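A single structure is presented below for examination.
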Amino acid sequence: MSSRFTLFNDPVHGFVSVPKGLVLELVETPEVQRLRRIRQLGLGFLVFPGAVHTRFEHGIGAMALMGEALDTIREKGTLMDVDEIDGARAAALLHDIGHGPFSHTLEHQLLRPGPSGRRFHHERMSRALMARLDRRLGGRLAMALAIFDGTYARPFFHSLVASQLDMDRLDYLRRDSFYTGVAEGVVGVDRIIKTMRVHKGRIVIEAKGAYAVENVLLSRRLMYWQVYLHKTVLAADHVLRATFARARERWGTDPALEHTAPSLAFFLAEEATADDIDPDADHHDALLDAYTALDDPDVLYSIKRWTESHDHVLADLARRFLDRDLFRTTPLDAPPTDAQVEDWRARTAAWLVAEGLSSRDDAPRDADLYVATGTARLAAYDAASESICILQRDGTVRELSQAADAPTAGALEARRERAYVCLPKPVAP
Amino acid sequence: MSSRFTLFNDPVHGFVSVPKGLVLELVETPEVQRLRRIRQLGLGFLVFPGAVHTRFEHGIGAMALMGEALDTIREKGTLMDVDEIDGARAAALLHDIGHGPFSHTLEHQLLRPGPSGRRFHHERMSRALMARLDRRLGGRLAMALAIFDGTYARPFFHSLVASQLDMDRLDYLRRDSFYTGVAEGVVGVDRIIKTMRVHKGRIVIEAKGAYAVENVLLSRRLMYWQVYLHKTVLAADHVLRATFARARERWGTDPALEHTAPSLAFFLAEEATADDIDPDADHHDALLDAYTALDDPDVLYSIKRWTESHDHVLADLARRFLDRDLFRTTPLDAPPTDAQVEDWRARTAAWLVAEGLSSRDDAPRDADLYVATGTARLAAYDAASESICILQRDGTVRELSQAADAPTAGALEARRERAYVCLPKPVAP
Amino acid sequence: MSSRFTLFNDPVHGFVSVPKGLVLELVETPEVQRLRRIRQLGLGFLVFPGAVHTRFEHGIGAMALMGEALDTIREKGTLMDVDEIDGARAAALLHDIGHGPFSHTLEHQLLRPGPSGRRFHHERMSRALMARLDRRLGGRLAMALAIFDGTYARPFFHSLVASQLDMDRLDYLRRDSFYTGVAEGVVGVDRIIKTMRVHKGRIVIEAKGAYAVENVLLSRRLMYWQVYLHKTVLAADHVLRATFARARERWGTDPALEHTAPSLAFFLAEEATADDIDPDADHHDALLDAYTALDDPDVLYSIKRWTESHDHVLADLARRFLDRDLFRTTPLDAPPTDAQVEDWRARTAAWLVAEGLSSRDDAPRDADLYVATGTARLAAYDAASESICILQRDGTVRELSQAADAPTAGALEARRERAYVCLPKPVAP
Amino acid sequence: MSSRFTLFNDPVHGFVSVPKGLVLELVETPEVQRLRRIRQLGLGFLVFPGAVHTRFEHGIGAMALMGEALDTIREKGTLMDVDEIDGARAAALLHDIGHGPFSHTLEHQLLRPGPSGRRFHHERMSRALMARLDRRLGGRLAMALAIFDGTYARPFFHSLVASQLDMDRLDYLRRDSFYTGVAEGVVGVDRIIKTMRVHKGRIVIEAKGAYAVENVLLSRRLMYWQVYLHKTVLAADHVLRATFARARERWGTDPALEHTAPSLAFFLAEEATADDIDPDADHHDALLDAYTALDDPDVLYSIKRWTESHDHVLADLARRFLDRDLFRTTPLDAPPTDAQVEDWRARTAAWLVAEGLSSRDDAPRDADLYVATGTARLAAYDAASESICILQRDGTVRELSQAADAPTAGALEARRERAYVCLPKPVAP
């Protein structure tokens, strides 16, 4: 009565088979179970109420797509052994294990650059956690690590884990579209996977899949502007960053901060920097322990406790975040001038005083927290790095932007930039 | 450039129009925003990874379906005014506002029966919170309250909010089916709503919708057995209850419990009973404050802190919950005999000692926490209370079980019971 | 650059892989291509405008589900060889090849019972056509025929082709639900297939799939009442039968009938009876040629030509069918009495005369064509024949109605009957 | 028990309400019912088996979307009266009533240019049929005609019926994507409609809908290349055109052609030219009668009869079409040179002789029918005609290609051309 698979119900891909053995063991580790408590889209649910899906589902989904891609590739004559299949599935499952809560917003707040100046990259953290799992599992993740690192002898496995058309992207576009209800993000994942093959050692897409690839890239761009960089998401992002910046400023002096979750306190107390993530070291266990303990509930709980602060600014920012009483994001035609920024700061400072949030002395400095300018940037496709290759009907291979016609290639590669400012509503332009 | 509606993207119903004015103001209250932090299916996500949707979405969805139902009813000639429409939509939005985190598991743990012996009902809490909102809004919820209470002169509005075919059920079946990926739960919500009308002052379903109604009832039964009462959900439920029971036992003595979130501590310290929810009283603010502060993150944070307890049993239960290292549920052909239960307890006690979780003295009492027996019960339809009425093609009205043929009616009304036992895996049968 | 599969885009199941070799060759035969010109639901599109899907798609779909079922079964340890897999897929593809246009309405009109009194069964025709294909393919369908006939040594293959839970049913319920837009028909095909296994030589469903099976049976019942036996479908059916009956009466005398498509003329001229379908004979080629030439366009074209008849009755019936100017179906509480039928006939005859469709002399006999009474009958499940078996968690096997609780089993097995009458609208009750 | 609407089950849009009165009466006319017998994608089902949907469904869908668009527009403050609403819905329902079977392939074969040299346009035929319906209905289509013609005083109604973002396109992209199973065609119809408004008398899209509009245009381009201009669709198109060209050549001399359906014979006998479609004349009834009698079954029936021709070429082409034994389409890097075409013709002529299809004398001329070259052309968007306008957040209006960034606008407006050749497989490059 046994089966070699355990079934998961995934509303996006249907029944997903998780092979027993290494992959199922990994799913059951606390490191992977933790991803059930980390939302995939961070703050996205504040605009798209259904977008509360977690990184756990996404990891399972990427692992499932990896299985389908490998089936297709083998069916077309590229042989592989069980070790490679398990390793590739494990790498897909674990590729995002290093993400923290509200990742794109918080990660850089949690682990600031150290002496080397190098910034936090979640891939390094994923790598460090995979290495720790490997030690715990007695080296059984060696293949997964080699594939993840890109050091394995057959590089096409790495491309399926990390490239412009990897299982990560195919899953997250399909999944985020499903949960946000944004139809434009729907992509032909099936078609792309079914038209993959290995040609001269690398992944190529057969010509009949080329439009589906273009569509994925264009849909991804659209999801960025419509979802990931939605102006209310940017506003929430700003409020969350400002809240953390204030908490850091007041760390050690504000009694409300003593109620911060310990995993979060570790980072706010600046006990570590990005330099401390050494993927190959054994000796950074305190950092990894704190990081794997940290999840959305710890952050939300802490912010709720910070609303009790006697510091009006911290309390105001924390309450705004919890009650979704956010700032307003205004798109700008061009990056703001210094004069504009000065004007916004001055008006914000005046408003802070009027609201009783800041004293006249503190207001100018506090206003810095309430005024955020930024530029959202995106190119749908980068032909130069890890480019996508199309296998033409005549047997030749062309890089995507060469296979597409010129205007489409231009649109895919063009870098779009959009400046914006986030301000409290009474002050916003 | 104005519109009378704000649009929400709902992956289930598509674009949902939220009317500006009363309804949108309610959506923006902290009480409703809190529902973003409470999962609709509580522990369901431990089995169905996608089922992480929140009570917020469900409230919006029920409100949207109410709008569609009222449109249909008006289109067929039943007049109503703006006040009634707003009131009905508000009542649909707020109907579940009184749910707490992991509701069906925890609610009875949070507010135990008081002197009257009356148990907690979330509807009473919803009523109390609606009354508080009404006071804050200067009486603008009077109509919503009357509809919710069933005291309004046109009772069909109440049926749309609370009956065997209300907007709550239609939304949650459709939504839970969507997020779990369980196809069997898909129901013809559109058909049912489009075949509603008011006949002699009450809601009836036109004959052509009768099969869709049968299907809703049968699908609901199926969702219960397959999702809500799934054996792993029951196991998670057991672990969570046991964790809370242990925390209560050790309240005031275990230092790890001092880190419990304040909102939760309020209830564990037994500062209130179910009797204290007085829907019409002004004086229970501490209770309501604690209740509306309580959310999933507070519970998850607290349980995480409890893993640090020096009480092995509390630490073990808390860790099991977090890492999804659950017990095993075994279905039983009949409710267990006393001898069976004694045997399970004895074997569990022995196992607790062997694992080092309990001393030989404490083991028998501790075993009580680790052994749970229960009976899942369900009838798809109750013809006796708030029955569903079908408008026949000849103009007469029949109660559903009279309109259906006898065997179907029998299947709908039959009460099914299933006994089970939850035990640690090494001890389970 | 080769692949062992050709991909079909199926809106219901997504990409479907058709294995090259026998199965793809079969798809390309004129016999199978003909199914592209035969609608799966016959007259259903007159009520459900989207239900214009064809038997071709359904055959491909059943073949695809067979592939998935065999994958699941093998994965659980039941070995099978390529010959068996191809045979089973071929049998699933071809199982409905013997259906003619508007099958359930017309088949019995085309091939009346012969001397033996045996009625037409499309399975016999499928068998005869498969045998012909087998001869053409030099015996390569031997395994498919044995599986189809149920004579193959491993009977579980036959169960997947013809039983109460075969690939035919699973595909058509899912597909008809998709194209009609009737949500109630959505069934958990994936779940059922993933819970199949072979146990002691026969197909069983694991306990966790039992609800999905119940749901399939209940959904099928619902699809019957809501779609297949919809009252307007019954009315269209009546008009089509009456048209054919009239054409038969006037065959050889009415010049308009000379324009009938030759394939159809073969049958209307009564050149063959149901007895002539001899699955094992070589000598009935004229019959098979005519049958495989016959398709929806031939029927529609012929009926259009019949509108030119000088026989008012034939012209009226043919026009009604084309322009969807149908009769009215009235459900009856009980089968009609002779007196009722007489009354309807008399009133219809009077109406025919008033409309100028019949002379006073012919009217009584013509009225027989315009009055149809009938009884729609359905049981969701028949426990006695080809019963469905559930593998309990304790390893025992129970027949479905024994595994379900009593009221549900009762509802599944109960036979429902519904009498009705179809009449021209001015005469209808 | 009455309702102002009749409900249609549409698998794409769900329940569709068809208002009783003018619109429902139009649905029930033979002209509109005829659309049930004309497939929307003509030959598309030969590649996408599910794409058998009809122009009837599409008309209903466009009418339904029109209703939603008008609801949105009114809700934002643009008043309109019942006459306008009915007229706009009627125009949307009837906009494609002038399409014939396999339209883009056959229309130009059926009605060749007359003395004026003007080619057939299906819009002129739609207009002529609408005018005829208007006369039959006593002038009740006056508003629909004015909206369709663009002569009505409020031009935004016309834009909803005929522009680059009209209800026609929104419905067909969504619908064709649904039935082909091509995910890339999924578009955010809801979002576009919900962001429409009337600004200074014309339709604009609010800024938040701009990405959805870009997506529609890009998806449409993708549907063209992937579906409408799929190489096997082009091959089927070629076979069908060649069949008709041969039938025309042999008209009057080949006895097999005497069995051609009368409606089709009317056109093959060249009894009319494109000049005879005079939208305002009363005297072209024979033409309109033949045209409205013509449908897919008439064409399919006729082609089946042509397989009996003693002309090997006609018989071969007709059989190829029926059995889907098509030619091969080969994409070319550039339009072919005369020398290339000569070579293909010569090799095809030799093959025709070898196959016994042509005599040595006839082969060169017959080869013309078997060799087809062409160029598929497409621009996603034409900024110059009926441009799409975006209402910016600052209240100004910009034409879409001005509102988008330059590379995207470039990609949208770029005209892509693709040369190809269709040849019998043994001759194909």
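The first chain written gets the first letter, and so on, giving A, B, C and D; residue counts start at 1 in each chain.
Quick note on the criterion: a residue touches a chain if its C-beta (ideal position, glycine included) is under 8 Å from a C-beta of that chain, and two chains touch if they have at least 3 such contacts.
The structure displayed is predicted, hence computed values, not measured ones.
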{"item": "Rotation angle (°) superposing Cα atoms of subunit B on subunit D, nearest 5", "value": "180"}
{"item": "Same-residue or different-residue interface between subunit B and subunit C, half as cut-off", "value": "same"}
{"item": "A-B or A-C - the one linked by more C-beta pairs in contact", "value": "A-B"}
{"item": "Computed distance of Cα centres, subunit C from subunit A, in Å", "value": "51"}
{"item": "Where subunit B and subunit C are represented by their mean Cα positions, the distance between them in whole Å", "value": "44"}
{"item": "Centroid spacing, where centroids are CA-atom means, of subunit A and subunit B in whole angstrom", "value": "32"}
{"item": "Two or more partner chains touched - positions in subunit D", "value": "14, 182, 190-191"}
{"item": "Residues of subunit B that touch subunit D when the two form their complex", "value": "1-5, 7, 14-15, 75-77, 190-191, 194, 391, 395"}
{"item": "Residues of subunit D defined as touching subunit C within the complex", "value": "8-12, 14, 28, 30, 33, 36-37, 39, 45-50, 52-54, 56-57, 60, 178-182, 261, 293, 295-298, 300-301, 304, 322-324"}
{"item": "Footprint of subunit A on subunit D - complex, ascending", "value": "182-184, 186-191, 211-212, 214-215, 218-219, 222, 225-226, 331, 393, 405-408, 410-411, 413-414, 416"}
